[in-house]
Amino acid sequence: MSSARDTIFAALKAGYRGRHESAATVGTDAHLARRAPHLVPARAKPENRKAALAQFTAMAEEASATVARVHTMIEVPGAVADFLRAHNLPMRAVMAPDPFLDAAHWERRRTLEVRKGRAEPFDEVGISVAWRGVVETGTIVMLSGANTPTTLNFLPETEIVVLPADRVVGAYEEALAPLRGTAEEGAKHTLPRVVNFITGPSRSADIEQHLQLGAHGPRRLHIIIVDDQATPA
Amino acid sequence: MNAFSPRDFKANALRALADPDLQRALGNMRQGFIERRRSAAARLPEFDALRDKARDIKQHVIGHLDLYLEAFEKSVVANGGTVHWAKDGTQARDIILNICRLVGAETVTKGKSMVGEEIAINPFLEANGIRPVETDLGEYIIQLRDEPPSHIIAPAIHVNKEQIADAFRKHHRDLAPERPLTDRGALLSEARRALRERFLAADVGITGANFLVAETGSTIIVTNEGNGDLTQTLPRIHIVIAGIEKVVPTLDDAMALVRVLARSATGQDMSVYTTISTGGKREGDLDGPEQFHVVLLDNGRSALIGSEFQEVLRCIRCGACLNHCPVYGSVGGHAYGSVYPGPIGKVLTPALVGLGEARDLPNASTFCGRCEEVCPVRIPLPKLMRYWREREYTQKLSPPRTRWAIRLWAFGARLPALYHFGARLAAFWLYRRGKKGGGRIASLRLGEGWTRFRDFPAPQGKTFQSQWRGARRHRAAP
Amino acid sequence: MLPAMTPPANPSVGLFVTCLVDLFRPSVGFAAAKLLEAAGCRVAVPRAQTCCGQPAYNSGDKLDAKRLARRTIAAFRRFDYVVAPSGSCAGMIKAHYPEAFAGDAKWLPRAEALAAKTHELVSFLHDVMGVKAVPGKFEGIAAYHDSCSSLREMGVRAQPRALLAKVPGLALRELPGSEVCCGFGGTFCVKYPEISNHMVADKCREIAESGADTVLSGDMGCLMNIAGKLSRDGREIRAYHVAEVLAGVDAAPLGRLRAEAEEATA
């Protein structure tokens, strides 16, 4: 008795009768090996760094994220504290244990209590660092990993993301390119478990078609762009 | 719950037309989605070129599904995941149940999945002692109300806030009765609170997939709420259920399709969360599921390959066709009695449940063509509906009266002399009838469908052809 | 579509009169002929024409549709152009005849030849013949309804508006939903009358809300549907085919008698 898999493939092959088998395989192999974007819109090709950051900020704000800008990592804890105070939030956050964030020297700001680890249900504020920012739609790209738990992006009501300015790229494909292997290398562990493209805070219009923020994911997304870091991505 | 079958389309449509709450919701939806898609398209000069690309990518894949599915399976396995194949809904349900049993699952959270509806997984899990909880807010609301979704993207579009409050009061045990639920913000907070508990307690998370990527063995989901992400990250097991036509070759193909998906569906440039998942937890990861399973469902799709309906498999489930369809906009989703309503449903449903059951659906269209006009992968929906009508005609499924009326007309029209004679008679007779009514006819036997709601404007009395013969003699061309 | 740079000189035009015009409203056919001749065309009306076959085609009766299509193709072979006062019938010939004969070595080239020279009336006058002025005059505020096939199969949108703008006395009102189907859809309106009624009721409400006293369209099916609903609702809005207004109205509006119409405009 043939398995479901056999049945399905037999049905497909029957539908493709008349197709030249080896030509088809060569065609699909070639397509699978291709690593190039199809059509990148003009808005994903900013002229220079300045235009890129300006457009990123504008698009992120249009998606209801808020954006702040600091010059160095040392200023980040202050920017975080400012944001939490402005929204009457507790001065307490869980943070991704990413060594990159150590450069901010969080311990110097006593009023801000920061714990490293994954997000727990009681955490109200999460801080993480972005893999990339995409100008095309003001999108943040986050990877899962030993130092970057995914739950940080979804459990706390407020998400704060540190985005080094030199991690801002134009189009989605540019954010993915360093993660991809070649066809020969195969699929094993090229991508991390999860790549999140995040554009603004969580929302739903399921209640009478009226848009509201904070459906299940964060109600607030605050992006802090940091200027002068040469980051090993 | 009303009978839910395409056979009941006419009766359900009548009910829908007489439902003021539904009509109000449909009106809002129409304005909202249509206008937003229009402005999203206007904001992106490359939009139409991207739609052509999207069509080409899907068309290519649909021509080589077996090869890309093989590649996808290989990639999933390389990343430690498991691929299961299901010929039909029964097999898919059994596979999912077995996986749940492996970990002794008691509750299961679900992201939005049309395929999940298609195989009716929820009642099946419940019957087997496992509690499925819909996490997409709209799906959650209709789950509480025990009704099917009325729209692919906005399943609870027909429900107002008072009805939502009622559903919460009825089902949320921890909800204090004095807690006010009159405004939408309060309702959202309550939903978030209740569902947060479910997310955290779930043993298994089931999501659909907008795309399956062969290059990396990844599945991609697109949400605005983040419920899909909580569904797949928190539990021990992540199960993806998807139709076999969802596979795309590479991440470049996926991103090209992502660019047209949200814009077509809701008018957003990008949905809030576009998530690429590849396998289960990696060594060192602080969170994530231990197991990653992909259940691939056929359920009639492979039968479309090589048929005149093959192009319908390009569909990326954006819902734009529903939003723009004047028939859907009049009767809403439930009337179709199918998991897939609207124009896409008119083509897909007969393929999934059989033409005999679903024959009203491809017929209930004026062929206005708006669906095809807005489809991001340019599926020629009216043409495919017409193919179903052709099959219906040759299989003699339509009522004899209709078939004979068409044949009679066509027969007469093949004989010009007979045709012109008949036309003169009809023109004259109807003109006389009309004269009594001041130029209009209020009721016509055999034309009751028309005259029940409209007057019938009477003809002018003589046919054009008969008058042209006479007038031509006196006509001088410049 | 941009107007032709140099319009053809004295082309022969076969008028595809359409069954609805022939049977219900010949004044549209005469208006079409008048406009075509004023533009410099030699107009003939082949007697062998009957129906384009669309009712059969859309009902799934491909066999009968093709029989009628073959007759139509044969009847119109000798003309430079074939023009119909209907986006629906012109669309059937242009978009669907080649489709119906796909793979037919004998009839596909003929169908394609006919399709290539078939036009909807107003777009033909504007785009091909480069018409800049029209003989008609019309006192009234008119809303224009775009028929679905004109809009989506034949690319007719700007042309009727451009020519109507040239009619003295006529003020044009844009309907917000001018691109939304009126609910006629051929047999749809009698197979699903309640849904059809719902759609045409929306359309009529919109026309009334626009303040127009007249509704115009390029397709008789839509026009009869809308006019019939306006009449049943007791609305005083008149309905004409756009060709009639461009040529100079010579008949009572749809669903009215001549004497009554004259009284109304007196």
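Order of writing sets the chain letters: A, B and C. Residues in each chain are counted from 1.
One rule holds for everything that comes next: contacts are C-beta pairs under 8 Å (C-beta built on N, C-alpha and C of every residue); 3 or more make two chains touch, one makes a residue touch a chain.
Just so it is clear, the structure is predicted and the values come from calculations on it, not from any experiment.
Note on connectivity: the fewest steps through touching chains from chain A to chain C is 2.
Measuring from the average of all protein CA coordinates, the nearest chain centre is that of B. Distance between chain A and chain C, defined via averaged C-alpha coordinates, is recorded as 53 Å.
For this pair, chain B with chain C, the centres built from the Cα atoms lie 33 Å apart. Chain geometry summary: the mean Cα position of chain A and that of chain B are 29 Å apart.
Looking at chain A, one finds that none of its residues touch two or more other chains.
Interface of chain B with chain A (complex): residues 25, 28-29, 32, 44-46, 49-50, 53, 57, 60, 63-69, 71, 74-76, 78-79, 85-87, 91, 135-138, 141, 154-157, 160-161, 164, 184-185, 187-188, 191-192, 195-196, 199-200, 214-218, 224-227, 229-230, 233-234, 244, 249-253, 255-256, 258-259, 266, 268-288, 296, 298, 302-307, 310.
Those residues of chain B that touch chain C in the shared complex are 10, 13-14, 17, 326-327, 330-331, 363-370, 372-373, 383, 386, 388-394, 398, 402-403, 406-407, 409-414, 416, 419-420, 423, 426-427, 434-435, 438-440, 442, 447, 449-450, 452-460, 462-465, 467-469, 471-472, 475, 477-478. Looking at the complex, you find that chain A touches chain B at residues 3-5, 7-9, 11-17, 19, 24-25, 27-28, 31-32, 34-39, 41-43, 59, 63, 97, 117-118, 121, 136-137, 139, 144-146, 149-151, 153-155, 172-173, 176, 180, 183, 186-210, 212, 214-218.
Residue ranges of chain C in contact with chain B, taken from their complex: 17, 19, 21-27, 29-30, 33, 37-38, 40, 42-43, 45, 47-51, 53, 55-62, 64-65, 67-68, 71, 99, 148-149, 152-153, 179-181, 183-200, 224-225, 227-229, 231-232, 239, 251-252, 254-257, 260.
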